[in-house]
């Protein structure tokens, strides 16, 4: 069993850190709002620290799950950041969805200090974090991956090493590109279905076994047709991710016409007040 | 067992009519090119007729699977078309993907003659036709459906009555709208994957269990990454279907921004010489 | 001075026929609603006929300005259509915006009868028709053009022979493609201006002399910013024209991604009840 | 006559600074590559300085025309930047196209030091800079504007105060949004024209006086049809500007669907090797 620090106790990090403690690790947590860390310790029995550095003191593994590039930079390289406190041979694994650029930068910073750094964004949503059924897409060196992978398994159903530093983030981007196309198509399809007077349940049941099938159709067509958009990943976060996608595509010189267009459509949803709706709310552009 | 006529022996109709004959029905076939009808009869043991009307003489069920609206009009209402030869109480079921408008028109024509008319487009491709595993989306009256459904089961894995006349066609349109969005997203994703230096097999394996999953990802991401576009439904036919979709959306006043855009992108693929490529060839716009 | 028939007395045809009569020609008019023809004769002093054929009897020139392909087909080749009444050596010039296909078909029909046929769609709007300041884009044979051109000058500021039959229509399509791109860009720009808190009048004044200038900016940016959409060519008619554009582009295998997308956006405007708004109402998609 | 510093002697800044010196001002220039500054002084007779601070020493007006946000930050607030050397009561006017965010930031920085700050991006291209015929869109306080405006007139045909700090930049963004829509529409139109077999010169001549007219049509339709893309503002710079536009639209919550799409299309042009082509090269996506 290992000494572990976990930085960031949002809707994802809170249960993830809990899984680690329950698995027998000795977990010290840090959260920007200290009360959340104390609540976590009260519930799970680990320790709450006041700073990322304090949490990382003596840890073999430091995990992070914060918000954006600047938050990640702060908890790693900022004042009282964890990197200064980590010892050579320890591993830092970041579960935040951030830019591939900062993932590569942290990998270099870590290498200079003897810290193994992994970018390890996740998918599976809040339910996946709570049930320990996340998919983790990892970028970084094989050696660090080999050590961290068994630890992360406690909250994962799937962990894959995708390539060198940044590859976890770019794999997550591929995921979001696919989702953008699927959901805009599905939104147009659901709207067409309703305007045609067809019964959405019957329609998606009959076409849902063939070439038009998608996880989103299986799980969201019905809720979309019912005008319910309260099933997880929010538009505001999707737009953050699509911003990262478009930024990396810029670096690569890769054209993403429909992804860029759907990103604008999500902005329309935000303008309608739907920033906290789930990503299937593209249908609202047609139906209000 | 029933007297059945089958009009149109293309890659779909040929094996479908064969399933009917093998199931014990007495099948008479018609095909525009008469030789194909004689070949069918030689292989399956039914009868070849010279005209749709001749094939339909005395039939309880007439099935059609031709190309476009004008072909369907010809074999039903044209000179020597089947409608004139069909008797009151018989059923006409059309497996062609055509406009909802002609489906409704034929239903009215049939009603005036006491013929039950079903629009019954299919999905599942050539393999589905050969293996008797098609999905059939049916529009029309319940009574006609109740009689034809057991007959169609011989080549179907799934048959659903979607609503009144035209509903089979509009359901098929929903299917194609979904596919257009999925495949453009997947094309952007595969291109991004390759330009990122990621291994497509690893990427789509790890993300293929979650919210980005689709039948197309499961079955086509790998072939797309390999630049192989020889897996069935051709771009030329997809554009025919998207033309029907956009026409019906016009009638309904439904906006389909990404479907319309992807339809133009498929036109680019045609201009690159890819009209016979399968629908996943949207990737060629990025990679040649 | 010539014997002239004019078929179709809408907001364009009515004043155009008036210009011809005032110029000294002997004009006989036909309109689907006969009262309009009688009103015209009462006002301008020419003759009203009951059918296209009756109007065309003995005419050296027959002009038409009706609504759609099917209307044009009716007044030319339909029962009591003008073609049967026209004599060899006469000229038929069509001012309707219709498909290039019907323009080519009528040219062939005319050639078989010794009638010179010109497709001659116009731009310039109702004001242009009233002030005799239309632009006329003509397709057809040089000889017919040479004879009709001086007659059409009476309501034109510009008449150009663009090429063989259909070329007038395809030239008009080029016009509409340009307008679609300009107006969507301008709608996004006006919305951005207003949301930025800038003064639209000042902004379009300062940028209106350079590379962003357009007739639409000069004439519509201000009215758009004021939410006024009552300045002529209606969305319903623009969508008719864009349908012709997309159909001809289909025949040519030409991709029109933004034109197709803007056509869908105009459909959104129709769904908002803006079918009679002018074409600058794309801004309503952003501002209601 | 005034003491003036000019920072940045690119294709725009070099002739602009020359106009100031020729008008009788005493101009000190700075350029990142010092040789360019010495060349300028050799040609125009002013002074070359080694740093922005040195150039700004004692100046009443400091103008800048550099590349991007980070360049502007460096010459103003960086080591040896001009702000530290400027005295209370002096005016800083930036002609670079940069983000509205940095324009607002510099305005605040300036206010704290008693420096009047204007964001004053330009349009009109290299020819406009050389001929003193630029359009200048200015954001900032009226008092600073009143003092700088007569000085800037020496290289301007048009100078407008658009509003508070940042308004010059946002006005320039409006300009670029308009251009993106116009040029994509025009590219589709030129391609359609050529594929239709029409003569582009005749087509754009006849439609160029009406509702489809634009500066781009007047000046670029012919060169586009000839496949010539060597007329000024480069795609690489347009994409920089569209990046600023999309960033500001993000801040404002304004949707720009076609602007975002055209930005991706320009990326395609870059991928074809057209980064140095002028902005009309969107046509290359269709014609190679």
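First chain written, first letter: the chains are A, B, C and D, and each begins at residue 1.
The rule we apply is simple: contacts are C-beta pairs under 8 Å (C-beta built on N, C-alpha and C of every residue); 3 or more make two chains touch, one makes a residue touch a chain.
It should be emphasised that the depicted structure is a prediction, and the values quoted were computed from it without experimental measurement.
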item: Equivalent of B-C within the choices A-B, A-D or C-D, defined by over half of its residue contact pairs recurring; value: A-D
item: Interface sides of subunit A and subunit D: same vs different residues, half threshold; value: same
item: Whole-Å gap separating subunit A and subunit C, where each centre is the average of the chain's CA atoms; value: 54
item: Cα-centroid distance, subunit C relative to subunit D, in whole angstrom; value: 39
item: Per-residue overlap in subunit B, given as positions that touch at least 2 other chains; value: 249, 253-257, 261, 265
item: Residues of subunit B defined as touching subunit A within the complex; value: 123-125, 135, 137, 157-158, 160, 162-163, 167, 170-171, 173-186, 188-189, 191-193, 195-199, 202-203, 205-207, 209-217, 219, 233, 245, 248-249, 252-259, 261-262, 265, 286
item: Complex contact set, residues of subunit B against subunit C; value: 243, 249-250, 253-257, 260-261, 263-265, 267-268, 270-271
